[in-house]
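Reviewing the structure listed below.
Naming follows writing order (A, B, C, D and E), and every chain is counted from residue 1.
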Amino acid sequence: MTTTTPSTPVARTSRPRGQSQFAVAWGQFRKNRLAQTGGVLIILLYLMAIFAPFIAPDGLSNYSTSNITKFHPPTPVHIRDPQTGAFTRPFVYQYTQQLNLDTFVNEYRPTNQKCPIYFGVRGDSYKILGFIPGSLHLFGTGVDVPTCKVYLMGGEALGRDLFTRILYASQISLTIGVGAVVLSTIIGLFMGAMAAFFGGIVDTVIMRMVEVIAAIPYLFLIILLRSIFPKNINPILALYVILGILAFISWGGLARVTRGQLLSVRELDFVAAAKSLGASDNRIMIRHMLPTMTTYVIVGLSLGIPATILTESGLSFIGIGAVEPYVSWGSLLSQAQEGGLSSLNSRPWVLIPGFFIVFTVGCFQLLGDGLRDAFDPRKRQ
Amino acid sequence: APFVYPAAWTAEQNTANKRGGEFRDYTISDFKTFNPFTSAEATSIPLTMGAGAGLFTQDPRNDEFIPKMADGPATVSNNGKRFVVKIRQGMKFSDGQEITADDWVTTFKIHTDDKVGSNSYDSFFLNDKPITVKKINTYTVQFDFPAVSATAYATMSYTPWPDHVFGAAYRSGGAEGVKKLWGLGTAPAQIVSPGMWVLSSYRAGERAVLSANKSYGDWNKDSRGQALPYLATYSYRIVADLNAALAAYLAGQLDAYGPRNADDLAQIKRAIDGGNLKAYLKANVSPQASSQWITFNWNKASDPAKQKLFRDVRFRRAMSHIANRQAMVQLALGGLGQETYFSTYPIFKNQIDAGLSAGAPQYKYDLAAAGKLLAQLGYTKKNSDGYLVDKAGKVLEFTLSTNAGNTTREQLGRIFADEAKKAGVKVNFTPIDFNTLVGQLTAKGENRPFDAILLGLSGGDNIWSFGSNVVPCGTNLHSYNNPTDGKCATSQEQLMTKLFYQGDAELNTAKRLAIGAQLMKAEGELQPVIYLVGGSYHVTYNERVGGEYPTNLQNSYYLSRDTALTFVK
Amino acid sequence: MTHQGETLLAVNGLKTYFYTDDGVVKSVDGVTFHIKKGETLAVVGESGSGKSVTSLSVMRLIAMPPGKIVEGEILFTGKDGVQKNLVTLPESDMRKIRGNDISMIFQEPMTSLNPVYTVGDQIAEAVQLHQGKNKKEALGVATDMLRFVGIPAPEKRVHEYPHQMSGGMRQRVMIAMALSCNPALLIADEPTTALDVTIQAQILDLMRKLQTDIGMSILFITHNLGVVAEMADRVVVMYGGRVVEEGDVVEIFKAPRHPYTMGLLNSIPRPGEYEHIPGQPKPRLEAIPGNVPNPLNLPPGCSFEPRCKFAVPECSKAVPALEDTGHGHMARCIRWKEFEQAQAEVTA
Amino acid sequence: MTAAPSTYTGKDRGMAAKGDTLLDVQHLEKYFPIRGGLLSRVVANVKAVNDISFTVKRGEVVGLVGESGSGKTTAGRAILRLIEPTGGQVIFNGTDITKLSKAQMRDYRREMQIIFQDPFASLNPRMTVSDIIGEAMQIHNLHPGKGRIDRIAELLQRVGLRPEHMRRYPHEFSGGQRQRIGIARALAVDPTFIVADEPVSALDVSIQAQVVNLMQDLQEELGLTVLFIAHDLHVVEYICDRMIVMYLGRIMEIAPSRELNTAPKHPYTEALLSAAPVPDPTVKRQRIILEGDIPSPINPPSGCVFRTRCRYAIEECAHTVPELREVSPDHFKACIRDDIL
Amino acid sequence: MIPFLLRRVVQSIPTLLLASVLIFFVIQLAPGDFLTPARLNPGISEQQLANLSQNFGLDRPVWQQYLLWMGNMLRGDFGLSFQYTQPVLDVIWPRIVNSVWLVLLYIVLFYAIAIPVGVFGAVKQNSVGDKAVNVVLYFLLGFPSFFLSLIVIYGILLLRNKTNIDIPLNGMTSDNFDSLNAVQKVLDVLKHLIIPALVLAVTDAAGLTRVIRGQMLEVMHADYIRTARAKGVSERTAIWKHTFRNAIVPIVAGIGGLLPAAVSGAGFAEVVFAYPGITPMLLTAINTSDLYLIAGFTVIVTILLIVGNALSDILLAVVDPRIKVG
């Protein structure tokens, strides 16, 4: 018996297509409820950010200088008529305010004026993703009573709707986090690959740079770097600057790992195999070595993003992140904390942006951890 | 004979002669040095130590200078330019050395040595001409001013630092010798004070503790002949920011606090009402001694259209009409503040009143009026975005900057920009880095790098309440027009410059107020700078301390108490 | 040929399953065998046939979850002479047996020693645990044990860390550790697979010597038939979690009754057996076709059926029973009698 | 070389007659530097391959055996220039390939291929089987277009896999199957010479024979020349024509397979043969058990590297490095003693 | 040991130099200088500004300033702080010591929380407890430390009002610190340190917990743990003696690198809790462009990092005998 052909494959439910690494990881990931929840919530958060102008009842910076609504409290939404108790169209009451010169508290009281809430009302015009124009809002009080407004999460220092601002802020908080990490990943991969590939002086220079950046505490470095750029640049440019700085200070770790990984992958048999087939160095780098970083990169991204969101919030908190008219959750919090104790005990709703940070970072962590586990080869046979 | 603190300076007499105890104050920035010649902070150890030491002191009841370390009024001669002052005898430094004329002369010399870099350097010059200080004998000093000065008494009231410490170092080591002395590392025991307090301990970034200078009590008595101060200790807690200070105050860890706004007041009131804090609280005691304003750049060679616009008085008046000061007070100041229209701080009520009665104009919030003025400038049409355009279709717009991080200013700017939009003026409001902003503001030349800046000033005195660096042409903070040659661009500016020097040299208060009123009128009409709003000054302190000024004397200039008369109940 | 000693360990109908995300892995599915005192029993089989799981089940070191001993008994007579069922023994009693009555050495000498403790400490740990000796005495025992397994300069080596030793040396340390409490049974799970032939020879030699000295039983797990031939008294052949053949070592090699065993014997090269005459096609090995079965998805009948060249339709119907073919030689094949006949013919 | 045939002829590709020298390895050396010290200078060298010379004839299968760490893999890879040799020459088909530039070398890569020991590490886990096998064709632009898929399918069938396996990923295969994929990859460029680096050591006993047989079939059908690396003498004994025994980076003995197994002339070969267990319980033989471990290749013993474990060692062994000399036809050994074995 | 440490020092010199160049460069690029605020002071004349600028050496070219500073630094002189007109080292040293105390306590707490929780998670992998702890930690991880600090300060304030317990709100010492004896002083400082350190530790511990849990799980499957169990050791010994010691090896290796991150991380808490550490002073220094102070801080912290790395190498050698330090 000399046949070398195996008999019919033994006990293998043959699938038509092969299972790539990603398919396997996805299978693992599907089993992790927490991570999936995190992932779904993150998708919702991003949808919220994209459609912020539509979901928000108001414009980012709308307030009135005649009808002062500084720190307007959240308005409860009623769905029953107070007299009849019957269900009606949802409505909120209009509030009046008065500075109590005895307690120095600006007192808000609901009036009897009902502001009905309509869905799909016309209001402030906007552009979704910068090009889809619209003026339709998910909900609002319409135009019956111009001074009527819904404050789902209260108002802030100038009386602007906090809910609206949180939604708009999510656009910046969520993009800066992702943008900076994506950028630093690209830089890190590139630098790491350069170092591993060229070795010698290039390697030394890059690794020294990594060391130097790591040696200066990141907070100091960010503040220093930000101070190079004039603050009067276009606010949107300022965001890119912060994004760039965040990316600049954080590529080191990845570069180091990439270099190490590539150097060790270089010793692996499948690279030797490609070399023996006559593959060029470029091909080996791009087809064989860099892809080994994908797992690390995916996990790194999903764990780096929350870290960056946190850093960004910290920077905005100390005033070098988002600047008016743009807001991020961190800068909203910074504005909140200027009120000191009052923010905590007389208008706690200004802290809501903080919980958005906590929530988002938490979700990202769950997702990132789930991905890490899913890609963990130890979890597979 | 000792100096006797008038009984009227305190609302509550320390009849029980309570002595000892500690007054717990705070500061939001750490101390940088103990050296009086290199110190530059608003709250500093030398400043605190030297409290009560000066030839003259201003009486809060009538703003007059009365002799403190001087043994009597100065002898004035040479057309009011020479002052010969006799020094009170028997005064000692905290180390027991007698305080003599040498100390004044040495202190003066060191302050005016440019290598020392003293912050007080400029105060010894009048219009770039130096004052001279001469010792006549051990107990007599002579001051010679280059010109007559209304602020001569304030100038002479600097704190004398010990010649036997600084003079010795200066003579042997020059400026460097002086600068080396009294760093933060210096042992408190080596530090000598002529004033009420002397340093007893310091922990970097946390706390400085000063104790009463025993020698001070020898020549300072209360109206019943008791030595002052009553307190044994005066301490500073160094806090991160005012929120932290408020928290500490509410926790009973500090004896006084300067409430900023309605929020602070509400917190304190709530703590008091809740029985957690026994404290005195009075809101709106007086306006603040500061201003917030918008200045337009007249030196914009690169953009002649803008330069022309900014130099047009109608434009500036329109801008004043646009400033919704009412909303600013309500939103940015929480309702506790007042509208301002002049460079003189509202606290200097005498001057303001004089100006108003002389007909100094106020261009109040009135968008319609603004619109009319702008129409006169050729801005009659609005484009699709609602902005005014000129005939060429160019939008009426400019950039307004302020320093990032100052919430109040950011809100003022926001409101200004938003109101401007209603009037069809496009204001690009950007908070920028403080240093950059100041660089732009103080830049000199025909083409200065900004459109408009929103900023504030504080400092100055109630004798002649116009800034020497602000009003005259060619000075640093003549912010709207600062060309290379420093020349005035308008006759009003020339008039204002003239009036400034005239008032500065006028010793008669009434006459001085009248000159000031003319100045205000010129300024109001020219509207070189749009003044916006000013906050209110509030007073609160823990009720365990007494000895504060009577309520009518408390204000943002004299504050709420003289520490000499403060005691722990 | 077999020792007439009493039974030390009897495994009856042992079933150890792993409950994984992908399904239940029946790693050990009704394994029965026994070891007598002083005897060496070899367990052979391919990778994944359940050899290690069987031995770990005896030690009760199966990770739970996902593993679980679902059925069967493991009867063991310890030093105290009392027979216990290790499957149901409380954990604390089981700990007293591990390392004391039953010891184990593993395949990978490089990774089986804790890298952060000296070898002395690691040997002494077992001694301290089971013999109530203090640290110093235990280290003394450790030194003696190192000397016993032929490590030069044991006084010095006892203070060295595993990374300072070569693979063969470490396997000696493992043996020293296993023997430090004079166990009645030594389970050796592929103790030489990771070693070079020359070192393997040293270790096998050492084990044989020690067994004679101490008189313990050895459960020797391997997939190297050469090693089996050298070491074993009796052999258990496993395939797909089941015992497919069991018997005296000579019987198994000379008269295998299961096609898998036969295939295995045919597929190993024998030194000097193949003469290559230049110009002629080279001789070749006989190979068992196909792949090792997926433990998640074993065939319903005989697990070797898909690869078996003697397979008949009945083979896939039901799992054949382990039948006694005489002289304590058991086989799990419905056609064993035919093989016996065929062999008889060949010999005749 | 002409364009590769689309099917195997099963014979020599007619460039030279079978039997002439295809590969001539001359004084091959590979040192791995060990860096250390303040400036991370080279402080020592691992002499993984230390001056080895041998030839392989066209169509021949040569075994390279030795214990782990003896330098077999290093030698194999240095011959293919997968690692740059430190010294010596590798003359392939008359050309010294150690002197070739990278670009020139690429052409030679089609001629020489390698099969790896570890069936798990040698296949890129991110590529499908067709990508893995097709890569070589892509690089050398062989069988462009539709033909490539057919060729891959054909190769898969040739190594005993099915064409539908093409779309799968390596982790979906067993070790034996992976090894077949590795072989198919090596065959994709129609090489003349293959280095098989312990292709079966990591496989199950029952699978080993399958793969060995496959190798053997392919070798015969394609007329391949093979350098078969192994640490187990028995596995290679019958597949190889000749065998080379290595120890600590040096060659100890070269001889025809059978002769080496039955009448070794070097003490190390003798010990190696004796140490291998015989799968026959009735054979009880006396074994030569070598004392101690293999010395470190950083600091190998002077003279003959085997002398520290050799039972025949004499004083002289420490001083001279024994030359590889022919002691009988086609039989070489590196030992100064003729009076033994 | 000594040559090893020497080598570390030698290798870190270029890093230090580059870091200082970077800092200098960046500060110079930034608009304005130390005297900018003075320009806004109505009381300071142009003449005076020129004097000051000469006094501080700000009129010289950057490279001269840098070389001068570098040369002096090699002699242990870090230059004069503009703000303090004092030697930089005198000014920053107490701050660094304070920060190091905070960071040390933080690190201790950080490990004290992360290790048991991580080990628990690994031992009781996938249990309800493990999952619950995880979720809690995830969300703590989401708290920016300044945000948590704010909430904690508010909580303390409430607690103080409710209970009259004297919980310190901020700072490092109590008002009566100078009158305390040595033991009381230590306790007093500890009392002030504990809350910021705890806030920091709690927000960060989740990350390490995950690492420890993962490490433990990995080591728990190692062959030598099976060996230990086969010896009959108890569960506790298997986990703490055999598994844990190995699991912490990579963590120990990272301790040194933790320092700069910890110094940064502690920065926010230092600011919010008005702790007299590095960051508040540094922020002021940056705002006032106090060149030598910033550079001094950076150099010292970089040195700290190097020391920390050397320390973790030594520690690593202690826990892992495979590492040879020498």
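Keep this in mind: a contact is a pair of C-beta atoms (placed from the backbone, for glycine too) under 8 Å apart; a residue touches a chain by one contact, two chains touch by 3 or more.
Quantities reported herein were computed from a predicted structural model and do not represent experimental measurements.
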| item | value |
| --- | --- |
| Chain occupying the most central position, where position means C-alpha average | E |
| Centroid comparison with subunit C (C-alpha atoms), farthest chain | B |
| CA centroid of subunit A to CA centroid of subunit B, Å | 45 |
| Centroid distance [mean C-alpha coordinates] between subunit D and subunit C, Å | 32 |
| Subunit B and subunit D: spacing of chain centres that average the CA atoms, whole Å | 89 |
| Chain centre separation (subunit C, subunit E; CA means) in Å | 54 |
| Where subunit A touches two or more other chains at once, by residue number | 2, 4-6, 9, 227, 230, 337, 341, 345 |
| Per-residue multi-chain contacts in subunit E, two or more chains | 30-31, 157, 271 |
| Junction residues of subunit C, two or more chains touched | 284, 286-287, 289, 291-292 |
| Sites on subunit B touched by subunit A in the complex | 242-243, 246-247, 250, 262-267, 269-270, 273, 283, 324, 327, 330-331, 334-335, 399, 401, 404-405, 407, 410-411, 414-415, 418-419, 429-433, 436-437 |
| Subunit E partner contacts - residues on subunit C that touch it in the complex | 56, 59, 61, 95-100, 103-104, 106, 108, 111-118, 122, 125-126, 129-130, 161, 163, 174, 177 |
| Subunit E partner contacts - residues on subunit A that touch it in the complex | 34, 208-209, 211-212, 214-220, 223-225, 227-228, 230, 306, 310, 313-314, 317-318, 330, 333, 337, 341, 344-345, 351, 354, 357-362, 365-366, 369, 378 |
| Subunit A - residues contacting subunit D, complex | 2, 4-6, 9, 14, 16-21, 24, 268-270, 272-280, 283, 287-288, 291-292, 294, 380 |
| Complex interface listing, subunit A residues touching subunit B | 61, 63, 65-66, 68, 70, 99, 101-106, 157-159, 227, 230-232, 234-235, 319, 323-324, 335, 337-342, 345-346 |
